[in-house]
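You will see chain A twice below: alongside chain B first, and alongside chain C after that.
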Partner chain A sequence: MASENLLEIKALQTHFHTEAGKVSAVDGVSLAVGAGEIVGIVGESGCGKSVTAQSILRLLDEKSQASYSGEIHFEGVDLLKLSQRQMRGVRGNDISMIFQDPLSSLNPLLTIGEQITETIRSHRKFSRKNAWQEAVRLLRLTGIPAPERRVHEYPHQLSGGMRQRVMIAIALACEPKLLIADEPTTALDVTIQAQIMDLIAKLNRELGMSVLLITHDLGVVAEVCHRVAVMYAGQIVETADVATLFREPQHPYTVGLLQSIPSLDRDRAKPLQAVEGFVPALHQLPKGCRFAPRCPHADARCHAVMPLLEAKGSLGSQARCWHSEALSQKEAVGHA
Partner chain B sequence: MVIYILRRLLALVPVVLIMSIVVFLIIYLIPGDPARVMLGDGADESTIQELRQQMGLNYPLLEQYGRWIGNAVQGDLGRSFFLQQPVSTAIREHLAPTLSLALFAQFIAVLIAIPLGVRAAVNRGGLADKTLNAYSLLGISVPGFLLSLFFVLVFAVRLKWFPVSGFAPLHEGIGSFLKFMFLPALSIGIVMSSLTARIVKASMLEVLHEGFVKTALSKGLRQNTIIYKHVLRNALIPILTVVGGSFGTLVAGAAVIETIFNIPGLGQMLVHAVERRDYAVIQGMVLFIAIVYVAVNLAVDLLYAVVDPRIRLQ
Partner chain C sequence: MTDSTVQEGKQQARRTSLIHSQPVRRFMANRTAVIGGVLMLLLIAASLLSPWLARFEPQAVDVVSRLKPPSVKHWFGTDNLGRDVFSRTLNGTKISIQVGLTVALVSSAAGLVIGLYSAYYRRLDQVLMRIMDGIFAFPAVLLAMAMMAALGPNVSNLMICLSIVFTPAVARIVRSSALVVKEQTYIEAMRALGASRTRILWLHIMPGTLSPLIVQGSFVFAESIIVEAALSFLGAGIPAPMPSLGNLLSEGKQFIYNSWWMTLFPGFALILSVLAMNWFGDGLRDMLDPHARTKRKRSRKGSMEKNTSDNNNEKVSSATQASS
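Our next item is the complex of A and B:
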C-alpha cells in the first residue's frame, strides 16, 4: 500500500473483556500521522485516548484482556497482522513510547544507563561499551547535565523532569520514526512541563521524528501540534489542523473544551465554563450521538441516530455532529 | 551502606541479650530441681548436692546468669553431663549434617518455587497456575514426615535408588553425600517450595502491574528478559524474606526429618537433650539457634540492599 502517511489507523476498535461483557474502549478510530508531523489526541480521562496509543504498539494483554480489530498501517505494514516476534522488532525501534509518570515508568533497580542500553542492544548490534557511549550521547541530546555521571545513577536519584528526559532518551535510542507520548507532562511541575514539550518539539524539528501526542491539555496542543483529533467516549468527534480547531470548532464538545480553558483576560466574576455531566460508562453508551446527554443543542435525532465523522466547514475539519453547520453560523452571529 | 550495616548490627544486640535471658531461665521454667531430675530417682542426696555445685545452681540467680553469659560470649556453653563433652563441640559436630540438609532442601525449594510461581503469575489461570494451586495445597496439607515416609517406601525400599537412611559427610565424596541427602532434602524442599511458590506468584502479580513493565514491553524486549530481569528482580524482596525465614527454621533443626532418616544433626541432638533434660545442651543450643535466626535475618537485610539501590544508597 503506497501512502504518504507514516501511520494510518483505520476503523480501529479495541475491546476489553470484562465481567460485564465485551466493551469497546476505542470504537472505530481512524487517524493518520504524516512524516515529521505532530498530531495531538485530546479528550477527558477515560475517553480512550491512552488505549488508542497503547493499541498502536499492541501493549495490551491480548491473551486475556483485550482484542483489536481494524487496521494500523505503519509504513504500509498492518501492525495488527504481525506476529508477536515481528511486533517486538517494531517496539522501541520504529515506534517508541513515553508515559505519564516517569517515576513508575522506570525500573527502580536498574541504572539509567542499563535501561537505555538494553533497548539499543535488543535492536542493534552494539558492543556493551559502544552502547554505553551511545547512552551518554542520548542523555546529552535530551539536555541532561553531566550525562557521564547520570548514566550510572538510579531513577530515584533524579528529579521528575530529569526522569522524563531519561524516558525520552530511552525512546530515542533506536532513532524511531514515530514517538507516542502519552500525557508526557501530566505528572510534572508546570515549568518542567514547558521544558519537556519544548524538547519534544525540538526533537521533532531536528530529527524529523513524527509525534503522536496524547493529552488532555488544549494549551499544549495549541503550542506544539500540527493537527489534532478530539476524542469522546471511544470515538473521534472532531479532527482538524490546530489553527482551524481553535478558530472554528465544529463539535459542541470541542466548543465546551475550549470554553473551559482559563485565560488571564477573562472576567473573573463569571465562573469558569465547564462541560456539565460525565463521560458515559463503556457498557451503557447512548444509542445516538454519545455526547447528546451532555450537549446543550441535542434534539430527538441526536438521541436516536449516531452522526458520522464528516467534512464540516470550509477549512477541512471533520466532525461527528448533526448540528455543526447551524452552530457555527450561530457562533458567528454571536461573535459579530 | 556502611551505616546501614552498622545500624542492622546494632539492632541485633538487644535481641540476642533478651534471648539469652529467656534461654537461661529455661531451667527455672521446667518444674523440678534440675540436678535431681538429671540423676533420676535412685540418686542419693550427696551426689545431687555435688551436681548442683558443679552446675552452679547454688549461686544467686544473677551471678549464675553472669557466669553463663560470660562464658557463652567466649564460646564456652558449658559441658554436657550425658555427652561428656563441651556443648560447643557437640554443636559443631552436629552442625554440618543440618547445614548441608538445609542448604540442599532450600536449593530444591527455590528451584521448584521460582519457575512455578513465575509462570503461574505470568499466565494467570493457565496450566502453571492450576498446577501451583494443586501443588501448594498438597504441600501445605501433607506433613513433611508423611511425604518422606512415602519417598522412602517408593525410592528406597521398592526402587532401591537411594539408601533408606543415614548420612555421609561431604568430605567422603560428593556422590554418597548426595545419595543420602536427596530424599530428606526433597521432602523438606517440596513442603517449603509450596509456600515459597505462592509468595513468588503473589509478589510477581503485584510487580506485573507496575508502569515499568509496560515500558519494558514498549522497548521491544523479549518476554523472558521482561519477566526475569525486570519483574522478578523487583518481586525479590518478599521472596527473600520467606526464603530466609524458612532457612532459619531448617537450621534450627528439622528434627522429624532428621529422625526419620537418622541424620546426626542439630534437630536430633536437641530432641535427645530434651528427653534427657540435658540442661547445658538445651540452653546452649537454643541460644545458638537464636543467634542463627538473627544472623539469617541480618543476611536477608543485607541482600535487600544488594537487590535494591534505594536501600543501598540511603
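Our next item is the complex of A and C:
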C-alpha cells in the first residue's frame, strides 16, 4: 500500500506558538497522493489547506517556528525526520511548489532565464549554456510564445498568466515527481485560469507528475482532479473520488459548498446560497464536531463528541460526520 | 498573426536596448547629481595630479617667504613656515578623499553584511543590532575621538575608527530594506525550490538593498570628510606635519587676522568636497528611489499649505484680538 502512494501523510499536525497559546492549524490530516494522480484539497480561507501544503515542504520551520507531529512519507522517506540540508535536496528537486500570486513570486531584479537556470543549476549538473537551452525548452513546454526572447525579459514585462507559466516552468526545472499548486489560479482571470489548469492537467498526463492542488474553487476540482479532500478547521471532513463527491456528498459541509456554487439556470431573484456563519478561531474550537455550530443537522451528540473520518456510502468515500447515512437518504429523497 | 508577433518582438528588442542607456540618461537629467559628480571628479583629479599642478613640495619649508599673500608664484600664499598653501590644500584634499572613500567602502561592506544577516536571522538580529544601537548612541565626533585616543593618531587608525563609527547607520538602512525584500513571495518561492539560505541572502535579498546602500555610502563619504577634518582640527586625527584639511585649518587659525589665505583656501576645499558629495548623494537618491522623491515633493507642498493656513489663523486671531 505504502509503495503505491508517492506521498502519504499520516495524522499530520502542524502547531504554531502564538500569544493565545499553542494552536494547531492542521489537526490530524491523513492524505495520500498516488503516482500520476491529481488530488485536490478544497476548503474556505483559513481551513489549513495552505498550511498542509507548506508543511509537506516544511517551509514553516524557520519563518513561523512551527512544530510538526505525525508522518509525511515521500517515496517511503519521512520528510519530517530529514535535516534542513536534506530537505533542501527534496525541495524543487522531488517536490516543487507554485504559489498563489504569480505577480510577486518572481524576483523583479532578475530575468526569467536567470531565475529558471538558477534552479536548474542548483539541483542538476548543467553547464550554463545547456541550462539556458533547458530553460527555453521548459518555457516552450508551458506554452509561452517565443521563449527564446522571453528568457531575456524581466518579470514586469510579462502578464500575470505568463508569469504563472514561468513559475510552472521553474517548478518543472528538475522534473519533480510531485507538484504542489497552492491556489495557482486565484490571482488570474477566468480564461487564463482555464488555460493554466489545462496546462497542469497536460503536464500531469504527459510527464506522469503527481499534483496536489489546493483551491477553494470546486469548479477547478471537478475539471482536473481525480480525488478530493475537503478540509474544515484544520481537519479533513471528507475524501472521495471527484465523481462520488459531486454525486453523493457525505458531509453537510460538502453539501453546503456544492449548493453554494452559482449556476446559470438558477432563479436569479433568489440570493446566492451560502454556508451560514464563520470558521471558528483555532484557539477556541468547539469540543465536538467542528462544523456543528454551522451545521443544519447538528444535534446534542454532534456538539459533544467529535466524529472520526470513517468510510461512508457505497462508493468508497470517507467522511467525518454522525449523520452521513441520514444525509444521503435525504439527498436521495430530495432528488426523487 | 505571426507577422504581428514578429513586429512586436522587434519593438521589444528596441525597448530592451534602450534600457541599457536609461540609467545614464536619468543620471544626466538630474542636475544636482551631475554637478556634484563633476565637482567630485575635478577634486579627485586635482588631488591626484597635485605633484604636477603644484610647483612646491607640500612639506618644503622656505623661511624667507613666510606668510606671503597669494601671488603668481604661490597661488594660495604661504604659511608661517613658508610652505605653499596651494600644494598643501591639494594634498589635504587628497588625504580627505582617501579617508572618505576608504571609510565609505569599509563601512558599506561591514554594514551590508551586518544588516543582511540581522535581517535574516532573528537571534543574530538581537545581538548585532543592539551593538549597533550602542555605537549609534554616541555622537560621531566624540566616539571617533575617544577611539583615536585609545589607538593613537595615524591615518589607518583614523580610517578604522571612522569605519566603526559609520557602520551602524549603513547596517540599519540595509537591514530595513532587507526586511522588506525578505517578506516577498519570491523569497519564499526560492525556498520552496530548495535554494540555500546563503544563496537567498546574497543572490536574492542583497540586490534589493543595493540602491539605498549606495546612497547611504555617498553620505558616509561626505560625513567622514567632515569628521576627519574636525578630529584633525582638534588634534586627535591625522598627526600634525601631514597636510590634512583639518590640520591646515588648525594651523591657519593662529594667523587668521593677518593671513586669511591660510584658512580660507583649505576651508573652501573642505566645503567643496563635502558639498559635491552631498549633491551627488542627493541626486543618486532621487534617481534610485523615485518614491522618496515624490514623497518629499508632496511633503514640501503640504508644509507650504500648512504655513499659509497658519498665517491665516494668525491673521484671524490677531483680528479677533483687535476687535475685542
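Basically, the second predicted complex is superposed on the first by the 331 of 336 C-alpha atoms of A that agree within 3 Å, B and C clash if a C-alpha of one lies under 4 Å from a C-alpha of the other, contacts with A are read in each partner's own complex, and residues count from 1 in each chain.
We take it that a contact is a pair of C-beta atoms (placed from the backbone, for glycine too) under 8 Å apart; a residue touches a chain by one contact, two chains touch by 3 or more.
The structure presented is a predicted model; accordingly, all values stated were derived computationally and were not measured.
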Notebook entry, point to check: Does the chain A-based superposition show chain B and chain C clashing or fitting?
Noted result: clash
Note to self: I'd like to know which partner A:S64 touches here: chain B for first, chain C for second, both or neither.
What the structure shows: first
Next item on the list: Based on the superposed arrangement, let me know which partner A:A146 touches: chain B (first), chain C (second), both, or neither?
Entry: second
Notebook entry, point to check: Given the touch rule stated above, what does A:H156 touch, chain B (first), chain C (second), both, or neither?
Noted result: first
Next item on the list: For A:V136, decide between first (touching chain B), second (touching chain C), both and neither.
Entry: neither
Note to self: Shared contact residues on chain A, chain B side and chain C side combined as an intersection?
What the structure shows: 57, 59, 63, 88-93, 96-97, 99, 101, 104-110, 118-119, 122-123, 157, 167, 170, 173
Notebook entry, point to check: For chain B, which residues count as touching chain A in their complex?
Noted result: 123-125, 210-212, 214-222, 225, 229-230, 233-234, 307-310, 313
Item checked: chain A - residues contacting chain B, complex -> 54, 57, 59, 63-64, 88-93, 96-97, 99, 101, 104-110, 118-119, 122-123, 154, 156-157, 167, 170, 173
Note to self: Using the touch definition from the top, list the residues of chain A that touch chain C in their complex.
What the structure shows: 57, 59, 63, 88-93, 96-97, 99, 101, 104-110, 118-119, 122-123, 145-146, 149, 152-153, 157, 167, 170-171, 173
Note to self: Considering only the defined contacts, which chain C positions touch chain A in the complex?
What the structure shows: 5, 9, 12-13, 16, 184-186, 188-196, 199, 203-204, 207-208
